[in-house]
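Both of the next two complexes hold chain A, though its partner changes from chain B to chain C.
So, the complex of A and B:
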């Protein structure tokens, strides 16, 4: 175990080395909980400021003062505990070695950080399955549009269409409307009657349900057309997006192409829910379990958020997408678990403190399951791509090439990768593999368990040879290293 | 705030030989988006245009060349005074459009 004092020459039990990766709501809540229990912790994050994606710190000073929000409060708590919480901003996690030992790459180069307890809070990213035209400039995710508005002070377009499924589309539509963007409409695959059947679960949290209704009312008041039971079937344009084709769809999200019509917009924001980031957990050797959420895999944890690897914990959307409120509570729970493991608090105190958190999580969990049932991608979604649609955005692998590989017997992500190079680009398959898994399942080739999770490899972010050699600025050899820790020849 | 104050607070960089004004802290992708320039690179295989997509450094579609260094994520790199940004062709090793790799 890494906490062997003789091996490390220090009394690990007295001053445990605690590292949190990810400074979104889950990571911030974990760090705050640990600091409140008298423990010191290092928080590693890719961005210049804590907040994660949901509470992203504005990159440019807003022209109008922003209303204080939850993220600002968490940032303030983090700052209040600055004696115990060290934030390492602009650091990318490159690899996780046994121990756990982390390789980080930051503005000052590489560094290795050892941890007695490692908390992974990597969050999630948006699920966009391939459809004709989805690679055109002007087609972005709703989250990307929100970043432009809230963090970068830029309008995402003059006339914008939002499409996909879920309440996030409404949130982004309202944010765009507020800054004067013309929102051409919200295209949601769900039909109003679908929501009706989930009312029993959604009623589990009246406050959140009311918030949902408030969003719908806000959209209606803003005069934004909300088209339910519709789907975007293609994006068209020369060199950039010029128009989007929209069609009504059935309960399986299969479009009726005969009733499709074009909508002229300069930006399309499209997203069908979120994919939990399991890359860090996978590198740490944590056991993953299949789920029916986009992406398909989440780390297995105990009731405190500890994974199958002792000393490695996980919280937030990366452990199963459930949103910022749940992420924060889950972070508190993991913080209590880690504090108890370190002996900073008695296990009875951890249990006592955890009880109200668990109660709230249970209530929110029922609501979330209702939402998940609604948003779970239906078969029509993976039929949108035509044979010439690029599926793997990095390596430009087309649907017909993937189907040919499947016909030739590639029925796992690993064999598809070998056969087509799918997932071998810099995104490591984060963009295409959830949709490819879905395609394999829908074609009846394989079960999710047999298809397996995507295999992430170090370095998790592409590095230059110069960065690997530790002399980034001086190096003239700046090749993109793809999925290999050492700069060997490409396979 | 007067125009001159705003100007002095801005940073100026170059994209494809054109002067672009950005607000301090703004990413290259956001500053270019504000000037309607959404196509940031051309792919290696199809010579297809690509640009800002995920906005959070996950998709690697907004790659540009910054001061001669290819494969920079325009959504993550803040614009800076005097920066020379160019459109990226293929993997960044090619000086001009390629494609036809099919």
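So, the complex of A and C:
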């Protein structure tokens, strides 16, 4: 592969260079679909093994809970197509240049990968809005707890409380219980009657609904108290978490502080759903659209998952959080779209193969909308922080500093950033900006469209100046010679 | 329609737009700032270096520009110098910062993070650069100080700097501030003085009837006004063209690198022929900046970032292990003679430029804004405006 982009000169008949970023359910399904259609593809993933967060490769420790069967099956399919699917494990995406042309950083240093079609399947991260005490050691996310248990066989604490909203809390509670962690309870903002009103949508997928009931039954059998209609209002402790304050809440998730009570635990796992990772799409130049779900922004796509940038596609939770099953189907759909674009299959065949996938997605979509209706963050959530609560953890910006900047006229994320340094830390605002967008909307300052998405900058992962300077420090020419290894397309 | 609710519409809310808004608003002019934060705003990619003499003699970021422009090996780059009149303009503008910082702090509570250290230190990395510096010293008039330092003296001043240098050239009193806080302070001062801000809107067109400007168009909306001030930075040329005004302002891309926050590493602002380095108030070191004519492309490139990182590591070897937090790029409003474009345009009433800050936009902002505002309200400008009128480009 030449370092000079030759994409324009390439004949369509030549082997297309296909790259998938992310090896969760969506990325794996895309790669498998492409391989099944005779195409070769490179899968870039930050983890040592494919699986993503949901199907994370289990630690060898026998005591840890087993990875869901579906994940093992996808991994096996991936391995079966090993002559067509090249996985680059432990590779982080640093930047996406026009082309698209990807800067990757892996165990052997930098490499540049050029793609004719790039599929972004980065997944999502947990939504935790600020509340008093949330920066105390011992306060983590359910996903972090799951990861500790799954890939390292480490218990996050002795006595754990799970709080937030959604079925993921139940999944993690069971996983913790199975490895012998004492689960003090699950605090869910949803009230049972809220769920009742969503039954018609939830009934759209009986299998998933049953799975949900199974989780509830499992939790009950394990003797884990499940408290609905409650919210964690603060975490307290000296130097680390000692207790959590819980209060009943109304339909807007506004707590009744008069009826609050403490729960003594050493670990709190808190999460209110998931935020799609749109940083990759943004760096690739894809147009983003607002939604009322956490994070607020998702890439605009056509029915096949192609973004506004031709040749850049997206699937899975990064394209809008909908869970592993939808992600896998969406990955298949993108795979068909890419295969059809490359001329590997006729468009009529793509349509034919897509039909049952779309039907299933439609059905799941109704279920998902039911869940979304239940889980989207209510106003009470952004009122939990008090004046002295640190909102931006990286730069330690307090709520009152942010409110002062807002009343001085900083009503967009960008102007808040300038005024307060909010989001200027290493996380680039991933943690604080979704909550700050919500606060700006709640205060009636602006609509989401006016606030705009957070602006992500390369490098997307921490790198040193030395790494970016390259190995060849002897050369001082302005016309620098390309000295990074190049990953060709999969042979 | 309410006639002339607005006296002046300012198109563009970078540092210069907000500064001009304040200078006008405090003179009881009804001001509306129209601003959309487009990616690539130069204010957001500036180091905030206040290096009037450094830039004028070519030892600031101009030396990097020169190296890029001549395509010469960085070690052989010969800095270009700016006209004396503009050097004096920069010096005068810079002189105002301490008092300005106080005034803005009192008015708005915003600290512009004006930090003074030993000054701007140019690292001489080749014998040729030494002779260039010697020439500059000989050419400096009385009252200007440029201290030539031995490698030992550089090491004493800046222990982190590489010992593989020929020496240093120190310009005392050439300091730095935080350009974004300066902009924020100007904005709040302008609002406090009665200016209004039309946020997230863009002036799409300057409306003109015969020889006078009558208003602006923002999408579907028109606003009539007595004056339009073009503070649109790198986009100023495009905006001027909507009113049939020729303005040779072009985007000149500068890529920058920001490190993680560090304990104090640098007391001075450093410049070399491949980059400059300034440690900011919160501990990050800002490393700039490429100089590229690539239109409105605001992306960063592998080569650009690599060049800056190499330059930085060559100047301060211990930076090799330091984390990079961000890289991004800004579009400087470049003019053919590297000087700003200020004031009215012959034959067009109700129009003024305040742009073209190129690589000295932060240090020049206070005076650019003041002189432009003074011209609009009919005061005698603090310094002569003639060298900065757009008509100098005619013919």
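Here is the rule we use: the second predicted complex is superposed on the first by the 447 of 491 C-alpha atoms of A that agree within 3 Å, B and C clash if a C-alpha of one lies under 4 Å from a C-alpha of the other, contacts with A are read in each partner's own complex, and residues count from 1 in each chain.
Convention: contacts are C-beta pairs under 8 Å (C-beta built on N, C-alpha and C of every residue); 3 or more make two chains touch, one makes a residue touch a chain.
Everything numeric here is computed off the predicted structure, so don't read it as measured data.
Of the two partner chains, chain C is the only one touched by A:411; chain B is not. Contact with both chain B and chain C is seen for A:426 once the two complexes are overlaid on the shared chain. When the two complexes are overlaid on their common chain A, residue A:95 makes contact with chain C while staying clear of chain B. By the touch criterion stated above, A:112 is placed in contact with chain C alone, chain B being left untouched.
Of the two partner chains placed by the overlay, only chain C lies in contact with A:103; chain B stays clear of it. Legend: residue contacts after superposition of the two complexes on their common chain; A:136 is shown touching chain B, with no touch to chain C.
Contact with both chain B and chain C is seen for A:462 once the two complexes are overlaid on the shared chain. Contact with neither chain B nor chain C is seen for A:289 once the two complexes are overlaid on the shared chain.
In the three-chain superposition model, chain A touches both chain B and chain C at residues 395, 425-426, 462, 464, 478-480.
Contact residues on chain A toward chain C in their complex (touch as defined above): 95, 97-98, 103, 112, 395, 408-409, 411-412, 414-415, 418-419, 421, 425-426, 428, 450, 452, 455, 457-459, 462-466, 468-470, 473, 476-480. Across the complex, chain B meets chain A through its residues 23-27, 30-31, 33-34, 38-40, 43-46, 48-61, 69-71, 75, 78, 91-93, 101. Within the complex, the chain A residues that touch chain B are 46, 53, 58-61, 125-126, 135-141, 143-148, 152-156, 239-241, 390, 393-396, 425-427, 430-431, 462, 464, 478-480.
Those residues of chain C lying in contact with chain A across their complex are 37, 39, 44, 67-68, 71-75, 108, 110, 180-181, 183-184, 187-188, 191, 197, 199-200, 257, 259-260, 274, 282, 287, 299-303, 305-307, 309-310, 312-314, 319-328.
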